[in-house]
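Multiple structures follow.
Okay, so chain A shows up in both of these, paired with chain B first and chain C after.
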Partner chain A sequence: MIDNVKQKIMEFIISEKNLLPSDIQEDTPLISTGIIDSISTLSLVDFIETTFNIQFEPFEVDQENLNTVQKIADFILRKQMN
Partner chain B sequence: MSFMINFINNKNAILVFQTAQLCLITFVVYAFSIEQELGLASFMALFCFFFPIHSVASIRFKSLIQQIWFLAVLFIFLSPANAIKVLLVSGILLSILFSRISSSVKLLLLSTAAIYLFLCRFGILYSLIPPHALTVIAGIFMFRSIIYLYDDHHGAQPKNLLDKTSYFFLAPNIIFPLFPIIDLQTFQRTKYNTEPSDIYQRGINLIVWALLCLLFYRLVYYFGLPDVFKLKGLFDVLQYLGSSYLTVIRLVGILSLSVGILRMVGYNLPEIFNFMFLARSFSDLFRRINMYWKDFMMKLVYYPVYFKLRKAKSAHLITYALIITFILTWFFHIYQWSWILGSNPIRGTGLIYWGVFGVLAILGTFKERKIKAIPKPTFANAFRTMFNISLVFIGMCLLYTIWINASLTVWWNMVRIAALDGPVVWLKAIGLWLLIVLTGGALGFVWDQIHTRVSAVLQKSRFTLAPVALICLCFLWALIRSNQKPAIKQYLDNVALNSNDIRQQNEGYYESILKADISSKLWDDGIDLELIKQKKWLTNIWLNSKDKRLSPLEEATGVAQQERDDQSKFYQKDKFLNFRFKPNLKTIYKGKPLHTNSEGFRDKEYTKQRAPNTTRIVLIGGSPDVGYGVDNDELYEAIIENKLNVELAQDSVEIINLSLVDLGLLSKVYVLEEIALKYKPDIVLLIEHFDDADRENDRLDRILRKDIVIYPALKKEFQRINITEEDIRMRQIEEAKIQFLISWAYHYFASTCKNNNIKPYLVYVPVHGNSSKYNESVKMFKGAEFEFIDLKNLYDVFPIDQIRLSVKDNHPNALGHRIIVHGLEPVFRNILNIK
Partner chain C sequence: MKALKELIVRLYPTEATALMVPGKPDISYQQLVESFKKISTQLADLGIKPGDRIGICSASKSDTIIVIGACLMADMIYVPMEAHQAVSRNCAIITSNGLRAILFDPLITVSYEQHISVDSRSTILNLDFIGLALESQNEIIIHPDLAFILNTSGSTGMPKGVMITHQNAWSFIQWTTRQYRFLTSDRFASIAPLHFDLSVFDVFVALHTQATLVLFDASMAKNPLILAQYISEFQISILYSTPSLLSSLVDFGKLSNHTYLRLRYIFFAGEPYPIEKFKQLHTQIPHASYSNWYGPTETNVVTYYNMPIDVQTMTQSIPIGKTCAHMDSLMKQDPDSNLSELLICGPSVSPGYFNSRNLTDQSFILVDGRNWYKTGDLVTIDENGDYIFHGRKDRMVKRRGYRIELDELQHHFCTYPGVIQGAIVAKTRDNLVVIYAVYKSIQLNSLLDIRNFMLDRLPLYMIPDHFIRRDALPLTSTGKIDLQVLISSI
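The block that comes next holds the complex of A and B.
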C-alpha cells in the first residue's frame, strides 16, 4: 500500500513541476531544496487531501511531514490510521 | 593525500584544526574591527574558549555547557546587575511559557508582560531595567516565544528543560539584537543530525562567508556610496541607487554570522540567504532574502490563513492569504524594530516600500504559478534570466532608496537630477545595462553547464575553503596595514561614518529619528552607547590592545544611567530655533543628568540685571558646548566659571551658556540678537566648530520641515540674494550663496556686538571629524571685527577614541571637556586680567 501512495505522490510532483522521473527519489528533499515552494506545497496538500481522504491541519504543513516522498507517505498512513 | 584522509578521519586533529580556524576568525574580526560596535571580537575570543570544551563534552552535557556559555556572555557583556535583571525577567517569561496552563491563558499572561516591557522600552513606564537590557530580553523573546507558543499549542515542544531553555538562551543573541528567527522544529530537528565535525565546518564556512560580506559592505559604505545631496547626474544617481541596495549585504553578514555560530554548537541550521541579488522576480526575492523570516511567515500566517479561508470556502484563497501575509510581514518588521530601537520606526517611505514590494511579490507569485516547466539551460534562457534579475535589481534599488530616505522629497529630487541629463547620457546608461545583461547571461550560461561539477568540487574542499580565505584575509590585512592613506586606514579601523551617515547622525541625534535600516552604520545607535565601550574594554584585555583607559566600574555606572532620548521630553517649540530645551528641566539626557534654567539653557539661573563688580560673558555654541553626553559639572564652561570665581576675591565672573543643540551659525545670530543682548554682557564668545556649508543647509531644511519661521534679519538676506524656501528644501542653493550667508552672519554678529558695546570673540574649538573646513571657514570671517582665538591644535596629542563619546559620536567626552578647559582657561585669564 505504501508503495502505491509513494507512486501517486511522485507522479503528482513530476507532473506539477515538469520533472523527469529520474529527478526525484523517495528520499530527495523537496522543500529544503526548493523543488516545491510554499504555493506548490499547498497544491500538494490539496492533492493529498482529495486523493487519500485525509485532512491537514495548518501546523502539519512542514518539512517534518512533507520534505521527502517517504515522509509524505508515512504521514498519510499515520493520518489514515488515526 | 592519504595524510589528508587520515587527518580528516582523526577527530582530535579536526577539533584542533577547527579551533585554530576559529582563532584565526577572531583575529580577522579584531584586525578589521568587524562589527566592533557590537563587541564581536570579544565575543569570538570568548567563544574560542568555549568551543573546544563544548565539542569534546559528551552529548548530555552539551546543552548545559551551552547555557554556561550564554550566562558567561550575559554577565560579561552586561553588568552583573543588569545580567541578573535579564535573567529574572527571562525566568518569569519562561515559567509562563513552560507551565501547564492552557495556551490561551499563557497567551494572555505573555501579552500583558510584553505590553509592560514594551512601554518600558519606549520610556513610557519607568523601569529598573535599562534600555539595552530590555533590548536583549526582546531579542530573546520577541519571535521565539511566539513560535514556542504555537508549537506548544500543537504539542510539539521539547521535553527536556535544558533543551527548552537552550532554544531561548542563545549566546549570539546577546550581542546581535537583530537575530535570525529560529524555528523551534528546525532547531530540534537539526541538532547534531549529522557528523559533528561536518556541522562545525559548515559553521566556520558560513562565518567566513559572513565576514567577507561584512568587509564588502564596508567597501561599499566607504567607497561606493556617494552623498545623496551631492549627486550631479544620471551616473551618480545610478551609483547611489546600486550602492544603497548593495549595503543590504550587511544583513546577510550579521544574520549568517549568528547561524554560523549556532552551527558550531551543533545546530545544523539551513542556509538563511540564497544569493538574494540573483532573484528573478519579487516573489523569488521574498524566498531568497532571509528564508527563516519567510518560513516564520508561512508557518504562522500564510498556512493558517489559507486553511481558515478554505474552510470559509473563500474565492481567491491564495490572493487573500498572500495579502494578509505581506501586511503582517510589514507589521512584524515594525514590531521587531520597535523593540530594538525603543522608538517608533513607522515612516511613510517604509509604507510605500512594503506596499509596492508586497504587490509586486503577489503578482510574481501568480505569474510563477502559470510557469511549470524548469527552463532548459540555453543561452536564450540564461539571457532571459539575467534580464529578469537586472529588472528586479533595478526595481529594488529604486524601492530600497525610497525606504532609506527620510522623505520622498529627497528621493524625488534625486530622480529629477537623473532626468536632467540629456538623451546621450541615458543612451550610454542603457548601453551599459545591456552589456551587463549580456555578460551576465553568458556567465549564467557557462554556470549552467558547470555548476554540478563546481558544487561537487566545493563539497570535496569544504574543509579547506575557510582556512584559505582566512589566510588570504590575514595577508590582505598586513598589506593594507602598511598603507597609511587616510581612506585605507578608515576602511581598516572602521571608526568613521560616511557623509550620508554623518548627516543622519546629526538628524538622528537631534531629532530622535532612528533608522530601521541595516545599511546605515547608525542603526544600532538606539541600543546602547556605554555597552560599546564596555565591549571595547573586553577586547583590550583579551587582545592586549592600546586603550586601557576604561574600567569595568566606569562602564557599569555608565550602563546604569543609559536612557533613551525622547524629543518631546526635552524640547519645547521655539518660533525661530530648531531645538530649545524646556525650561527648568531636571532629567537624564544622553545618559547624563541635565538641568536647565528658566530660559531653557543648560546653566544656572542668571538675572537680566548684571550685579556690580561682575564681568558678564555670554557663550553661544552648539551641541558640544551644551555638554552633550557629559555631566552638568563636567562641562568646560561650568568648570572654568567655578575655577575663576574661586580665585576672584572681590569681583566675580558670570559665564552664561546660551548654547543649544543643533545651533548653526545662522541661528546663533538670532540667539545673540534676541536672547544674549537681554543679559547685557561685556563679552560674547561665539564658539565655532566650522561645519561645512551643507550642514547649514541641512539645518535650514529641518527648520522649514518643522514649519519654523526663518528669523527676519536672515530672511531679508535670503530675499537679497534670491534664495527661496523651495531652494532650501531641494538643496538647490548654490554653494557660493551659502558661503555668502555664512560670511554675512559673521559680520552681522560682530557688528551687532560692537553696536551694543560688547567685545566679540570668535573661538574655534575643533570637533574630531569635521575640522577639514578650517581654512575655508577662516576666510569667511575675514574683515569681521572679532578677536579670533584659535584652538586648532587642542586635541592633537590625544587619540580620537580617548576624547569622544563613542565610535559613532565625535562630541567631546568628559576628558575632551577638560582639554577644552586647558585651552580656554588662559584666554579667560587674559580677558579678565587674572594671572
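The block that comes next holds the complex of A and C.
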C-alpha cells in the first residue's frame, strides 16, 4: 500500500519537474532544496488531494509534511486513517 | 522636507492599528512612530549618516518597515533585500550599491561573514547590525532626493539598482489617492515582498491613509489556502498583487470556503492577466472593483485600466489602458515589427541605475531636458485610446511578476562545469512563461546538481523549468547560437 503511494508521488514529481528517475529517492529533500518550487508544491497538493481523496488544512501545506516522498506518504496515510 | 520623510514625520501617533501580523500583537500608529524615532536615533548613534545606504535583509516585514521609516526620518537610503536568496547575489548588491551597513536576520548572518568585511556589530530590533568597512572607492555622487534602491535582474549577470527618489514615490502615492478612494477604515494587504516594487503601494499608501496594513510573509504568500483564509479573516479591503498569485488563489486556494465581503479594490500588475483566468477570479469575488496597472520598476505605475463591470463578455486581452494623469507617454515605431516601443516621462520616472552611468544611458534618454525611460515594451493603441501590451523588444521575461533577464541566467548557466555551449530561452505555454536551458556538454549531468549550481547564484524564481541536453545547438551564419531556431525546436 505505502509503496504504491510512494510510487505515484515519485512519478508525479519526476514528470512535473522533468527529472531523471535517479535524481530523487524517498528521502531526497524536495522543498528545502528548491527541486519543488512554490507553484509545483501547489500542483503536488492538488494531485495528492484528487489521487488519494484527502483534504489539506491550510497549515498542512508545509515542509513538515511535504519535504520528502517518505514524509508525503506518511502524511497521506495519516490523513486517510482519520 | 523630502516627500516620503514628510509622510513619515506627519503620521498621527494614534491608538489606531497601523500594522497587523497574523499570530503577533498589533502595532498601533503610536507604537510605530515611536519605533521609527528610536531606531532612527540608534542608526545615527552607530555612525550612519544621511545619504548612507543601509541594506535590510530580513524575512520579518514588520521589522523591515520599522527600519524603512527610521531611514526615511534620518535621510538615510534603504535597500530592501531578499533574505533567502543566493548569498553571492546579495553580496553583488552589497558591493554595487555601496552599502554602509546591513541588518540581517540573525539566522543568516553567519553565511555572509566570510564574504564581507565587518567593521562593527550591534543589535537593532531583533536584527544583527553589521557595519561594513568601505573599500576606498571613487566618490559616488548620490542623487540628493534618493530614498531607496530596488535591485532587479540585469542582462550582464549583475542585478541593476533602480534609484527611487522621494518625489518618484510621492507622485505615485498622490496619483493613487486621487484616482481611488481609500479610507482610514481600510485594511491593505501586504503580499508582495518589500524588495519588489508593488510593495511601495502597500506600505506608503496604507500609512499615508492612516489605514491598517496587514503583513503576509513569504511563506503565507506561497500558500494560497492560508492566504485565502487570512484575506477573509483579516477582512482585507485593498489588495494589490500579481496575476500569478491571484490565479493561484483561484486554482488552489479553495476561495469558496470563505467570504470576502469587505474586499473593495483588487489591483493587479507585473505581467499580463489572461482574460479567461481573470473571469474565474471575478466570478468568485464579483463585488470588488478591479484595475490593471502597468509600469516597470523604473517608472512605477504609468498606465491603468479600470475593468468594466461586465467582464464576462470580454474576449480580447486586457488593455494596460491610459496614461496616468501625472505622467506622459509616447510610442516610438519599432524597426523590427509593426509595433511601437512605449516611452515614459514624468515625476515618477527614476533618475537611473545606482552608480552606473552606462546602464542609465542605455535605457534613459534626455529630450529637451526631460528624462524619458525606454520601457522595451511593445504596444499598440486601440480605438478607445487604450494601450495594448504585445511583448518585449529584448530578452527579458516576466514570471510571477518578477523580471528575469534571460541573459543573466545564461551568463551563470554557461559557467557550469562541462557545459560547452548553452542558451536560455523562454516560451509561453498555457499562458505560463516556461524557461528552458538548452546545452551541449561533455557528459550527462545530474539535473539536481545543475539546479543546485544555479540556486547558489540566482534566486529561485529564475531557475529554468527544464534542462535539455543536445548534441549540437543551431548556429547563425556568424556563429552565434540561433535562438529563434532553437525556440522553435523545443
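Simple rule for what comes next: the second predicted complex is superposed on the first by the 82 of 82 C-alpha atoms of A that agree within 3 Å, B and C clash if a C-alpha of one lies under 4 Å from a C-alpha of the other, contacts with A are read in each partner's own complex, and residues count from 1 in each chain.
By our rule, a contact is a pair of C-beta atoms (placed from the backbone, for glycine too) under 8 Å apart; a residue touches a chain by one contact, two chains touch by 3 or more.
Given the structure is predicted, the values throughout are model-derived calculations rather than measurements.
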Checklist entry - After superposition on the shared chain, which partner residues are touched by A:Glu64: those of chain B (first), chain C (second), both, or neither? => result first
Checklist entry - Once the shared chain is lined up, is A:Leu42 touching chain B (first), chain C (second), both, or neither of them? => result both
Item to check | chain B versus chain C as contact partner of A:Pro21, first or second or both or neither | outcome: neither
Next on the checklist: After the superposition on A, what does A:Phe56 contact: first (chain B), second (chain C), both or neither?
Outcome noted: both
Next on the checklist: Looking at A:Thr33, would you say it contacts chain B, chain C, both, or neither? Reply first, second, both or neither.
Outcome noted: second
Checklist entry - So which bits of chain A does chain B touch that chain C touches too? => result 17-19, 34, 37-39, 42, 56-59, 61
Checklist entry - Given the complex with chain A, which residues does chain C contribute to the contact? => result 222-226, 228-229, 248, 251-252, 400, 446-448, 451-452, 455, 460-461, 463, 465-467
Item to check | Residues on chain B engaged by chain A in the complex (per definition of touch) | outcome: 150-151, 154, 156, 185-186, 189, 270, 287, 294, 298-299, 302-304, 306-307, 318, 365, 368-369, 372-374
Checklist entry - Considering the complex alone, what residue numbers of chain A touch chain C? => result 17-20, 22-24, 33-35, 37-39, 41-42, 45-46, 56-59, 61
Checklist entry - Can you list the chain A residues touching chain B in their complex? => result 16-19, 32, 34, 37-39, 42, 56-59, 61-64
